[in-house]
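Here's a structure for you.
Here the chain labels run A, B, C and D in written order, and each chain numbers its own residues starting at 1.
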Amino acid sequence: MLIDKIKQALAPLNLEVADGDYAKTGCHLAVAAPPDQIQGVAQAMLDEGCFLASLTAVDLRESFDLVYHFANFSELCRTVVHVPLGKKKGMPTLSAIYPGADWYEREVFDLFGIHFFGHPNLKRLLLPEDADFHPLLKDFGASESND
Amino acid sequence: MEIPEALSDFWFVLVYLVAAALFALGPILLAYLIAPRSYGAAKDAIYECGMPTLGSAWIQVAVIYYLFALLFLAFDVDVLFLFPVLLAYGKGYVWRDFIEITIFIGILSLVIVYAWCRGVFIWKRKQVNP
Amino acid sequence: MIEYSLEEKTYTLNLGPQHPSTHGVLRVLLEMEGEFITKAEPVIGYGHRGHEHMAENRNYLQFLPNTARVDYLHALAYNQGYCMAVEKLIGLVVPERGEFIRVITAELNRISSHLLWLGAYLLDLGAFTPILYCFDDRENLLDLLDRITGSRLTYCFFRPGGVPQDLDDEFITGTRAFVKRLRTRFKDYDNLVTKNVIFINRTKDVGVITQEQCVKYGLTGPMVRGSGIPYDIRKSEPYSAYPQFDFVIPIGDKGDILDRYVVRVREMEQSLRIIEQALDKLPNGPIMAEKVPKRLKPAEGEVYQAVETARGEFGCYIVSQGDIKPYRIKLRVPSFGNLSILPELAVDTLVADLVAILGSIDVVVPEIDR
Amino acid sequence: METKTGEPLIRFGLLTEALNLARANSLWPLTFGLACCAIEMMAAGMARFDLDRFGAGVFRPSPRQSDLMIVAGTISKKMGPAVVRLYEQMPAPKWVIAMGNCAISGGPFYYPTQYAIIPGADLIIPVDVYIPGCPPRPEAIIESILLLEEKITNRGRLRKFRQDVNR
């Protein structure tokens, strides 16, 4: 089964790998990885033939949490990788392993301000070039309720 | 001064030229007179999908595009020579004129056949890695 | 004086925001040598409206109309993805008839999205008649959906917990007639387009995507199936009532534009089969879960729900912290990944081929920019 | 914002009326779909709703050849300068139809902390006719074309169809 192969592949990185509750969260495998291990995890997932479904960040007010979703074409196994980032806004990039991650990282940089070291051209993707704010941060006006 | 008899036909050519000039410049003049003006800032900037243009268009272009100018010539000169033929066509010898024109067009279209065989119309597509 | 710049060989051109072939406001910055493209860089963001920022200020029901305006061509699949994610969070179970109505309307919407793509794509390649036929069929289909959902394009029809409006007999007979009529039209499309020699010359062996590229760029949907990978979430991760229908996943072999075209046209036929089976086996019973709370206030947690839209996998990732407003919603949109392969596909192709490749990716720009 | 349009040199009643009648019945819209309203604009151009009956079906891709700009969709802040540039590049007798709530006032995407859109096309270009709706139905687009024709020629074009409108 693919889920066991992924566990073996991730074993050498000694991360905490838990079986996700698929009915509740929609993911079979939940992995928590520190920021500098993420390239190892991505390389292992690529060797297992998984593609990067989505990469996003969640601003937990005092720290960031980067969420990577991996899925596989041949066999159903959705893996979610949480990378707690603390307050520092920097991460190694995945664009060398997954060229598709290039745009995802530029979008996270654009909307959150998190830098990705080693990214080929890290500049704004969605907002105009001269924008000087990061809209999805919690202190950017998301707090007041306007309904 | 008295215009020699041989030259008197050239009035028609003069009228033809004036009519052609009017036909060409007339709409421009008319538009200048009756059309309203627009004062947009980017009015006479180059239209490129709503974006300001990047870099200049006066750059060196590959020489194979000069072939297209030549090919256009081959097509165009054909049509140009057909205009006077219209006047002299079909006065009595219908079949003879028809054959003459097909030979004329045939010879001129040889240029296109030659270019076709030399492969001017085939664009080098990206090789599909098998 | 015009200064000739001799050293600069490439010419930069904006295939810009306002261009008939970009299906919206996508801008592709082209660097070309004569007709061949050396570098193509899509510049996106001209349709960015900030859906995810809006999600943080709205409760779960208020965000529903937004999901329809992300990808307005297959709005019902986005409604379905979002509603199923919320149902997973709250723990609602949609009754059988509600699931069947969702499948029928979502498949009808998929056909209307493919029909519009077919018309617009062939318009890019220069054929004007197919778009008139496609829109004629599409109008019939929109009449059906307009009857029960109330809108033609941006549907807000599904609710967390089920469907608010039941199907009536006129809709069912209308749909059966539409299915029969569309099947006869497929033969016309086949003769008009698939066997057209100009279409074949322009699409064969152009824009080939290999299976490794599919994995590296995270492509989904008809782009992946065109390259021979049978990845369709309705089959690989069955949701809603899809396990009860039998349908086939059409796949291509080489992964060029012609294969993607054939996959999308065959998918329409499969959708018709699904609709017919769903209409035959339509159970009666309630269409909405019994006790749907007035104010949806899910427990803390996160959920990722994937749904197969006309363009690929739409994943709705919701992080909730027990408030009536979601803490964060990430909409994983298929065209974002599908378009990121364009720079690699476009290297030394012709500009005309780039337009064909861009059309075969089936791009909806406000979906990419969100 | 370019609001004034230069008056032509020769101008007298009959000529202007004749020209306006010709312009009103041959409006060439610019294909300018921004978002969801573009699909309804295309549907209005196609066989069932058919703008060609009013001479407005010729959708020109270039602003140089069009005299009507239908702003169909949300104008994001990144797209604003391009919209203004396209409007300025259109030749003189030109009109603008703001189609859909986004083009009128920002529509569903306008709220206090919005950072990405320009709330309304009339902030950047002069608008002649507004079509409410999200997206407006193709019949509403046809009504807007008739309303615009009525504005150009100030003759009753829409009145024939709607008895209640005593214009």
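Rule of thumb we're sticking to: a contact is a pair of C-beta atoms (placed from the backbone, for glycine too) under 8 Å apart; a residue touches a chain by one contact, two chains touch by 3 or more.
The structure presented is a predicted model; accordingly, all values stated were derived computationally and were not measured.
For the pair subunit B and subunit C, the distance between C-alpha centroids works out to 46 Å.
Computed from the mean C-alpha positions, the centre of subunit B lies at a distance of 36 Å from the centre of subunit D. Between subunit A and subunit B, the centres computed from C-alpha atoms are 59 Å apart. If you average the Cα atoms of subunit A and of subunit C, the two centres end up 24 Å apart.
Multi-chain contact residues, meaning those touching two or more other chains, occur in subunit C at positions 16-19, 45, 48, 50, 53, 57, 369.
Residue positions of subunit D touching 2 or more other chains: 78, 82, 86, 111, 113, 115-116. Across the assembly, subunit A contributes 127-128, 135, 140, 142, 146 as residues in contact with two or more other chains.
Taken chain by chain, the contacts fit none of the simple shapes, being neither an open path, a ring, a star, nor a full set of pairwise contacts.
Pairwise chain contacts in this structure: A-C, A-D, B-C, B-D, C-D. Those residues of subunit C whose C-beta lies close enough to touch subunit B in the complex are 2-6, 8-19, 27, 29, 33-35, 205-206, 208, 254, 256, 347-350, 353. Against subunit C, the residues of subunit B that register as touching in their complex are 48-51, 53-62, 64-65, 123, 125-126, 128-129.
By the touch criterion given at the top, residues 32-43, 45, 47, 49-52 of subunit B touch subunit D in their complex. Listing the residues of subunit A that touch subunit D in their complex gives 127-128, 133, 135, 140-142, 144, 146. Every residue of subunit C that touches subunit A in the complex is listed here, in rising order: 44-45, 48, 50, 52-53, 56-59, 62, 85, 88, 214-220, 224, 229, 231, 236-237, 301-306, 313, 315, 317, 319, 325, 327-328, 330, 332, 336-337, 340-341, 344, 369-370.
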